[in-house]
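Here's the structure, in C-alpha cells; my notes come after.
Which chain is which? They are A, B, C and D, in the order written, and residues in each are numbered from 1.
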Amino acid sequence: MNSREFIAKRTAKFFNDGDLVNLGIGMPTLCLNYLPEDVDIWIQSENGVIGLDGTPKEGEYADPDIVDASGSISTMRVGGCCFDSFTSFGLIRGGHVNVTVLGAYEVDQEGNLANWSVPGKTVAGMGGAMDLVSGAQLVIVMTMHCDKYGNPKILKKCTLPLTAVNEVDYIVTELCVLHHTEEGLVLEELAPGVTVEEVVSKTDAELIIPEKIGSME
Amino acid sequence: MAKSKVVSIDEAMEKIHSGQTLMVPGFVNCGVPQTLIAAILERGYTDLNIISNNTSVKGKGIGKLVHANRIKHITCSHIGNNTETVEKVVAGEINVTFVPQGTLCERIRAGGAGIGGILTPTGLGTPVEEGKQVIEINGKKYLLELPLRADVAIIHAYKADKIGNCIYHRTARNFNQIMATAADFVIVEAEEIVEVGELDPDIIVTPGCLVDMVVQARLEDRDE
Amino acid sequence: MNSREFIAKRTAKFFNDGDLVNLGIGMPTLCLNYLPEDVDIWIQSENGVIGLDGTPKEGEYADPDIVDASGSISTMRVGGCCFDSFTSFGLIRGGHVNVTVLGAYEVDQEGNLANWSVPGKTVAGMGGAMDLVSGAQLVIVMTMHCDKYGNPKILKKCTLPLTAVNEVDYIVTELCVLHHTEEGLVLEELAPGVTVEEVVSKTDAELIIPEKIGSME
Amino acid sequence: MAKSKVVSIDEAMEKIHSGQTLMVPGFVNCGVPQTLIAAILERGYTDLNIISNNTSVKGKGIGKLVHANRIKHITCSHIGNNTETVEKVVAGEINVTFVPQGTLCERIRAGGAGIGGILTPTGLGTPVEEGKQVIEINGKKYLLELPLRADVAIIHAYKADKIGNCIYHRTARNFNQIMATAADFVIVEAEEIVEVGELDPDIIVTPGCLVDMVVQARLEDRDE
C-alpha cells in the first residue's frame, strides 16, 4: 500500500453507514477502495446526482449523460437519483452532505483551506469547492504531509487564496491525523513508526500534542 | 389549441446577435446545447458574454466558441477542464469572472425568480468576497450575492413537446432548468420533439411557458 | 349580462394568445367565459400547476390531488404540468406570469392595492396575493366601482393594510377602465351610457381625463 | 445494500414531542400528511408550533390539530379556508404569523439550503415590512427575509421507495419537497411504498438522503 492508499484507507474510516459523501477528484476517490465492512455510502456529485458508482465496466453501456465531477462517464447504482445544479448545491450548502473529502495546496491551524488557485500559475477557478467546504457537515482534507520539495503544507497561516475560512475538521496525511478544534490542531493519530518529533519537524502549524495519541490504521 | 413553438435553426438564430449575453448550460461537456452552439459558430456571432459553469473541454461544446475567439467575457466557476480557455485567459484574450458553483446557481435562479439577492457564507474570507457587501445576522456573516440574467438562454433538453415543456436525462440536466428561467429569450434544442400530452405533467421539469422556441437537435453536432 | 359579467368580458380582452394568467378566486374566474376568439391562455395556479381547466364534468374523474387556488378539485388540460410551491412562486415572482387578475377592497391613484385584510373584521392572511401583485407583468384589478353602501373603492390613498405598493396597472369596473400611469389614473374607457361626470362623482381618486375616451365593450 | 427506512407509525411517533416546531405541507387540504396528523392527535402531542401554508378546512387535515387545540403558534400565509382557525386566532387561543406565500417558500427553502436570507420586493410598504431590514440595491428596495427551519417535517408522498426517494402526484406536491429539506428530522408517509429501483432516477423529486423514516399512509386517515 503506497502513501496515497494509506491515507485513503484511514480517511474511509470517517464514513458512517448511509452517509452522503462528496469525494474530490484524484486522491479522495481512492477512499472507495477502502470502505469499512457494513458501511454503505452514497456518492454525491455536485453536477446533480446521488449514487455514482464508478466507471462503466467493459461491455457495460457508457451513458454520456451520466458524468462525475471530472466530466468522465460514470455509472449509477440502483436507488440513486438525478437533479439540477441548483438543487445539488442546495443539498451541499444546506448541510445535507455528511462528508466532503478534498485535496489541499495548503491548510492551516485555523482550519483554513487553500486548494483552488495559485496566482501566476493556474487560473482554473474554484468550481464547487468553496460551496462544499462551507456547506458539508464534515470536511476532511487528504494530503501528502509536505509538497514535492519537502516543504510543509500544514501551515500557521495559508498564503494562497483561500477556499474557505475555519471550515476544515480533519487533515489526514501519510504521517498523521490532525483534528481541527476550537483550541487548535490536535495530533490525534500517528502512522505506524512515525514519531511526534517527525510530525512536528515537518509541520509549520503549531500542534496540540495530547498525552494519548492513537495509531493510524 | 396551443401554438407550436417548433422552428428551424435559422429562425432561432435570428434571435441571437453579436455582443449579447448568453446563458449556456453544461457541466464539463455534459448537457451542452451542441446544435445551437454549432449554429452560432456558423452564423459568425462574436463578442459574446457567456454565463456558463465552465467551458467544456478543448475544441468541444462551449470550447468551440473559445477556440473560434467568439467570447469576450465568461462568468463561470471553472475553466480547468479546457486548457485552451486557460491559455486565452492568461493571454488576456478572454476576460473571466469566477463565481463559486453554488453561488452561480443561486444568482441565476435569483435572476429568474425575482429575488433581489441572496446571503451565503460561501466565499467569505476568500477573493470572492472582494467588492461585495457583507451582512451580519445574529452574529453570523454572509456575502450578499446579486442576481444574474441573460439576453438569451440556449438549452439542451432530452425531450421537449411542441409547446416547450422539457425533460432532461440524468446529469445532463445540470444548469438547463435554472437558465431557462433567467433569460429574456429562451431557445431549446431537443433530442426528441414530442406531441403535446406525451409528457406526464408530474415529470416535466421546465414548463413550456418559459420557452420561446424549440428546435430539433442534430445528432451530427454532438461530440463523440 | 350583469355587471360582474360585463367587467369580466372587458377584462378578458387584456389577454394575449399564449399568456400565462393567474385568476383570483371569485369574479376573476368569470373571465374564462369571455375569452376572445383565437386567444388561448394557460391558467396558472399558485399551488403549483399550469393548465387548470375548470371543475370536473359530470361523470369525469375528480382527482383530489388536482385542486385550484381555492382548494376545489379541478381538471387539467393536455400540455399542462405540475410543480412544487417554491417553483410556482419562482414563476410568479420572476415575472413569468403575464397577467394576474384580482379583486380589491380598495385601490388608489398611486397604484396601491388593499385586498387581504380588514383589521378587526378578518384575519384571513394574504396567501399568494402579495407575490402575485408584485411579481406579475400585468396587474388588473376587477371590482365594482363602489362598495355595497355606495362608497367609492377607488381612492386617493388606500386606508386598509396594503397588498402591494404602486403595482396596479388597470382597474376595470362596471363603469369604466382606468389605467394607472406615471402621471396618475387615466380614464381610458367608459361603459355604454356612462358619463365622465358619473365616474368622477363615484370616484375618490383624482382622474386624468383625456380628450378621447374609448368605449368599453 | 442500503438499509430500509420503513418503520411503523409508532416508531415514527417517538420522534415527535409536544412543544416542537413542525413543518406540515399542504395547500388547503391537498397534499397534507393525514396519517401522521392522525397519529399525532392520537398520541396527544400539544403546544405545537406549526409552519404550514394554511390550516386545511374546518375539521380536516391540519384543521384536526386546530380543532383539538394542539397548536400554540402557526406561521402560514392564509387561514381563511378554515373558519375554526379564524375563530381561535381572534379569541387569542392560537398565535399566528402571516407570511406571503412566496416568501414562505423562499424562507423554508433558504432554511434547507444554507442561505442566510433572501431579498424580495414582496411585502414592501405593507404590514409584512414591519420589523424587517430594508436593503437598497441600485435604487430598488427589498425586504430581507430570513430562513425558517423546523424540528420535524411530516411529508405526504405519492410513492416512496424503501430508502426514502419520493415522488408526488399533481398539485399534492406543493410544500412537500421544500419542507423535506428544512427540518432536523424528516418523516414521510407514502400512499405506496415501493422497492428501491422502481422509481426512475430522473423523476425522483425528494432524494432519499433527506428522509429519515418512511411509513405507510393509511387510506382510512384520508379525508373524503
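Just a few scattered comments:
To be clear about the criterion, a contact is a pair of C-beta atoms (placed from the backbone, for glycine too) under 8 Å apart; a residue touches a chain by one contact, two chains touch by 3 or more.
Note that the coordinates shown come from a computational prediction; the quantities given were computed from them, not determined experimentally.
Hopping across touching chains, the smallest step count from subunit A to subunit C is 2. Subunit B and subunit D have Cα centroids lying 32 Å from one another. Note on chain placement: the centre of subunit C and the centre of subunit D lie 29 Å apart, centres being C-alpha means. For this pair, subunit B with subunit C, the centres built from the Cα atoms lie 35 Å apart.
For subunit C, the set of residues touching two or more other chains reads 49, 76, 82-83, 89, 93, 135. The multi-chain contact residues of subunit D, meaning those touching 2 or more other chains, are 106, 109, 114-115, 120-121, 168-170, 173, 201-202.
Interfaces, counted as pairs of touching chains, are A-B, A-D, B-C, B-D, C-D. Those residues of subunit C that touch subunit B in the shared complex are 17-18, 20, 40, 42, 44, 49-51, 76, 78-83, 89-91, 93-96, 135. Against subunit C, the residues of subunit D that register as touching in their complex are 27-31, 53-54, 57, 76-81, 86, 89-90, 96, 98, 100-103, 105-106, 108-109, 120-128, 158, 168-178, 205.
Residue ranges of subunit A in contact with subunit B, taken from their complex: 45-49, 63-67, 70-71, 76, 82-86, 88-89, 92-93, 112, 117, 122-131, 134-135, 161-165.
In the complex of the two chains, the subunit D residues touching subunit A come out as 1-3, 109, 112-115, 161, 163, 165, 181-182, 196-197, 199, 201-202, 204, 207-210. Residues 106, 110, 114-121, 135, 137, 140, 142, 144, 146, 167-170, 173, 201-203 of subunit B touch subunit D in their complex.
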